[in-house]
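Listed below are the structures to be examined.
Consider the two complexes below, in which chain A is the common component and chain B and chain C are the respective partners.
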Partner chain A sequence: MISGSWFERQKNIIDYSLQSLLRRRSKNILILIIFILLVFAVSAILFITGSLTKEMMITSNDLPDITVQRILGGRQVNIPASFIPEIEKIPGVEAVETRVWGYFYLASLQANFTIYGMDLTLLEDGEYRKIVNWKNIPDQAENQSLSSRPDFRMIIGQGVFELLKDIQMEKAYLFYQPSWEKPIPFDIIGTFKTETELQSNDLMVLQTEGARRVLELPPDEFTDLVVYVPNPEEIENIALKIRRYFPALRTVTRAQIQNTYASVFGWKSAFVLSSLLVAILAFLILIWDKASGLSPDEKREIGILKAIGWDTDVVLSVKFWEGFILSGIASLAGILLAYAYIYWLRAPGLREIFIGWSTIYPSFQLIPDVDPKFLLLIVTISVVPYLAVTVFPAWKAAITDPDVIMRNIG
Partner chain B sequence: MRYSSWLVIVMVVFCLWSGLEYRHFHKQLLETRQHFNVRCRFQKAIGLPNLAITSAARYLRHYSITDLTTPFQDYPASPDHFPAGFAFVPPDYSNMPSPIVFGNPEK
Partner chain C sequence: MSNLIIETINVTKTYNPGKPNEAIAVKDASLQINEGSLVVLKGPSGSGKTTLLSLIGCQAKPTRGEVIIRGKRISKLPEKFMNRHKRNHIGFIFQHFQLIGGMSVLDNIVLPLIPEGISPKERSKRADRLLERFDLAHRRQFKVSYLSGGEQQRVAIARALINNAGILLADEPSAHLDSRLTSDLLVYINQLKQSGQTILITSHDPIIYQHPAVDQVFEMKDGQVIS
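Moving on to the complex of A and B:
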């Protein structure tokens, strides 16, 4: 059995290892299933959090340089226009832009929309035209009718569109709050392209004046300001100056937003921590069970093999292959299943954790984020410890006198 | 058939499966590259950060620019009311305005 070339020899040993695994079929299948589930859980979490972070990071360089908010009583409040010339005076500031945005809760659909006010004509021409699927303007006549109420137009995200379609409001939408005298109708002139779904899904971009009406924002007040600084080296300094000169203002620089992106689903989040702790604990129990020693049957088997003339190294090879085949198949299957689950099936069950109670959410078609380093880490921390705890007890049994083992007096 | 031959068959199946997933991975990356310009333009036009994966609460939707007291209302890292809050780390407060500034700094 152990003669022939090295390759033939290993093949025979693998044959024997597989037979040995199959002999204790139920126990090994159980270990395999638990092992696959553990690797699957850890990989799935790494995949989904990595992909979400990547999705955020991919456009982060196009964020404004500094976002300026006014904080009153620990809460963000509207910022008056009087701050704008003061901030513009700071050397190094190229431009200060105002933003009007907020949220609109539609009780009947239990949906939270993000309302963003801007001059929609900016999106109508040039390079920005490509981000919108233009609708409701099939001919010049209708175009004219729309332009008669230019302040009451909006472009919506795909998710909002689907929702409004259900209530037959996909062409025009009536904003209404019980405190208002009458509803405010808005024509929907387009939807954002599905490529931007992860950013635009819950968004309603309104003409600024219309947005002011919906958000009930007084004139000369804005939700926040955006400061552009051409020299990236100066951004931190200018943010510091703004905070020093105007203690009521809070600044958020692009680098800070990128930092929050990098850490938002990090190790500290309860989701990642709890999933990993459970996985690690389960793996430790598995390892503990293995490390606590071989069963009397397994010991007797090693004793018999030694007694009929097998060398210790061949016995160890058998055990090595047993552990390697089991943990290797489990790691590979776990990782491949996790990939299929996250990127093919779009993480059913897991995505609900991220969606929470939202009514509008995107389709979760994420950019795959498969880091070879992580894969190697997963394989290393699953295969190597398992191999160690499989081979070590076998080595202990193999160096004991076969007679002692077979009589079970060891 | 020998047991080792079965193992080889299993490995071949795994290789094919990996190949399929790699193809998908590659296709997705190409698609991402094609969509990259549209997404960057969108980000430039609408300067709001964060992904629209949850709109349950405003501090989850615009996590990076939320005000300081809205999330985790009782104390930092307190268990959150909204289920999606479970997946988010408490925001970094290190960018708070320095709390004590004496005098009126010169402009």
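Moving on to the complex of A and C:
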């Protein structure tokens, strides 16, 4: 008999494998659907974890080198201005800046908001101007012009803005405590753009003096200090020195914050994966059961192929291609679906688990970030075990005499 | 003088050796078959005919003894070489036809050519000749499970002949056929013999083993060739 080329042989084997998959289409479609769901679930979790971690890493690059807080009785308290010149004296410190921030519970919305105090004129110039949608608000506050009450202006996140729109609050008469005589009105002069939503969604940035009023912060005290160190190699050293010289102070470096983000998302990812573990396990058992048990028909087919002269390695090649095609399609489809779910649909259902504790969830766009290591991991945990469960029973049948399989002896 | 094409020397086949369900299917079977002859192995059910045919057809290896095909001691060959020998020299028609139900007539017939790397076009060409010869051309794309018993039998014969093997082995080919289809089968077998094919058939059907075209009959009983 004249034999064809190696290439033609492989083509024939792949053709036969495809035919074989189609002949058992109901069983294979069931496996395919389960498989796609499985790959989709794992990929979605890995994608969202990777994407959030990356986004946090990028945005946290703008964080100060060292944040300094004062601890009293195990909790954070305001820090007096007297610490500033002392910290500035430490060699390697470029600048020490003050921060005013806190949380304000708005009873009408039953939500906590982050209040941040700063000089808003800094946002009106240069690079930062681009992150705000500036509004021209007509003067409404007690007939005073905007410029005449500059301490009571604020810029708010998109989430806050949407909530205020819902309750039709044009003017932010939000800030009120029962101990105050009257509410403190603020003019909204802009909203943060959606690109910054992960950080700014529930944020209200107030002019420093206004923030002090709302947060009831005494003069010459700040919430915390931030320290800038030009040499990144020195950051840890300087943080150590601050803690040594001033035992009442706590330092948090940018690297520590980044590590915390990474571990928080890693922990959440592990938590969600663990929650899905039972479902994943059930899927795996089902796939194992469907794929590994050769039906009497499949056994008979292997017997026939062997009986008409097919070698064991050719039979195994057929089974290999069957498994590879099915698990490959499932992996690809699962990964693509997960990609669409996370990056186009913005992970409804899963996002809430991963993002924040606030009543306002950010609706930011997740930045596509597919780590090749994730893809390798997904392929490894899907294609390889599936190939094993399909090829191994076929090998067992293929090494048995065809006579024994077809006559069912032994 | 005729050439010896098949020879078995004291062939024994034991299934499940050493186990409680051990069974000796063939015991010290020896026979010789000449090229171009039509030979029948007859005997009652369980006499070992099918097992001996399987050993000659490289479907199983003997526990003891030698099977020699075209001068080659195939029972000692590694699987790959034995399979190559089988593909090149032997066509096998199984008792229950052993066709793959979900596949078409054409796909079943060309199955032995797939691992050979023969192109679909060439496979089709070879199969078409056999489809014409066995009056199956109109069933070319039919699934074999939709065919009648006689048609399935002819598909099985066509598949056995697709690799142009010189030896055709048929296990109880009339077992599932009525007398008319058995007569048709004998016509085909006779034609194959006329074309120089060596044919070995197992059967306990007198219509087969008493047919005038049969050159030689071996009788088996309790796993042994008794005449």
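What to note about this one:
Here is the rule we go by: the second predicted complex is superposed on the first by the 339 of 410 C-alpha atoms of A that agree within 3 Å, B and C clash if a C-alpha of one lies under 4 Å from a C-alpha of the other, contacts with A are read in each partner's own complex, and residues count from 1 in each chain.
Everything below uses one rule, namely that contacts are C-beta pairs under 8 Å (C-beta built on N, C-alpha and C of every residue); 3 or more make two chains touch, one makes a residue touch a chain.
No experiment lies behind these values; they were computed from the predicted model shown.
Looking at the shared chain after the overlay, A:Trp6 reaches chain C, while chain B stays out of its contact range.
Within the superposed three-chain model, A:Ile29 lies out of touch with both chain B and chain C [touch as defined at top]. More residues of chain A lie in touch with B than with the remaining chain of the pair chain B and chain C. Look at A:Leu345: by the touch rule set out above, it reaches neither chain B nor chain C.
Looking at the shared chain after the overlay, A:Gln19 reaches both chain B and chain C. Judged by the touch definition given at the top, the superposed model places A:Asp401 against chain C, while chain B stays out of reach. Residue contacts after overlaying the shared chain place A:Ala388 against neither chain B nor chain C.
Once both structures are placed on chain A, chain A residues 15, 19 are touched by chain B and, in the other complex, by chain C. Remark: chain A residues 1-10, 12-13, 15-16, 19, 23-24, 297, 300-301, 303-305, 307-312, 314, 401-404, 406-407, 409-410 touch chain C in the complex.
Against chain A, in their complex, chain C makes its touches with residues 15-16, 21, 50-51, 54, 57, 59-61, 79-80, 83-84, 86-88, 92, 94, 98-103, 107, 111-112, 114-120, 122, 159, 163-164. Contact residues of chain A toward chain B in the complex are 11, 14-15, 18-19, 22, 52, 55-56, 58-64, 67, 69, 71, 74-76, 89, 99, 101, 103, 111-114, 116, 118, 122-123, 127-128, 130-131, 157, 159, 192-193, 195-203, 205, 224, 226, 243-245, 247, 249-253, 256-257, 259-261, 263-266, 268-271, 325, 329, 332-333, 336, 339-340, 343-344, 352-362, 364, 367-368, 370. Residues of chain B touching chain A in their complex: 2-4, 6-7, 10, 14, 17-18, 21, 24-25, 28-29, 32, 35-36, 38-58, 60-70, 77, 79, 82-92, 95-98, 101, 105, 107.
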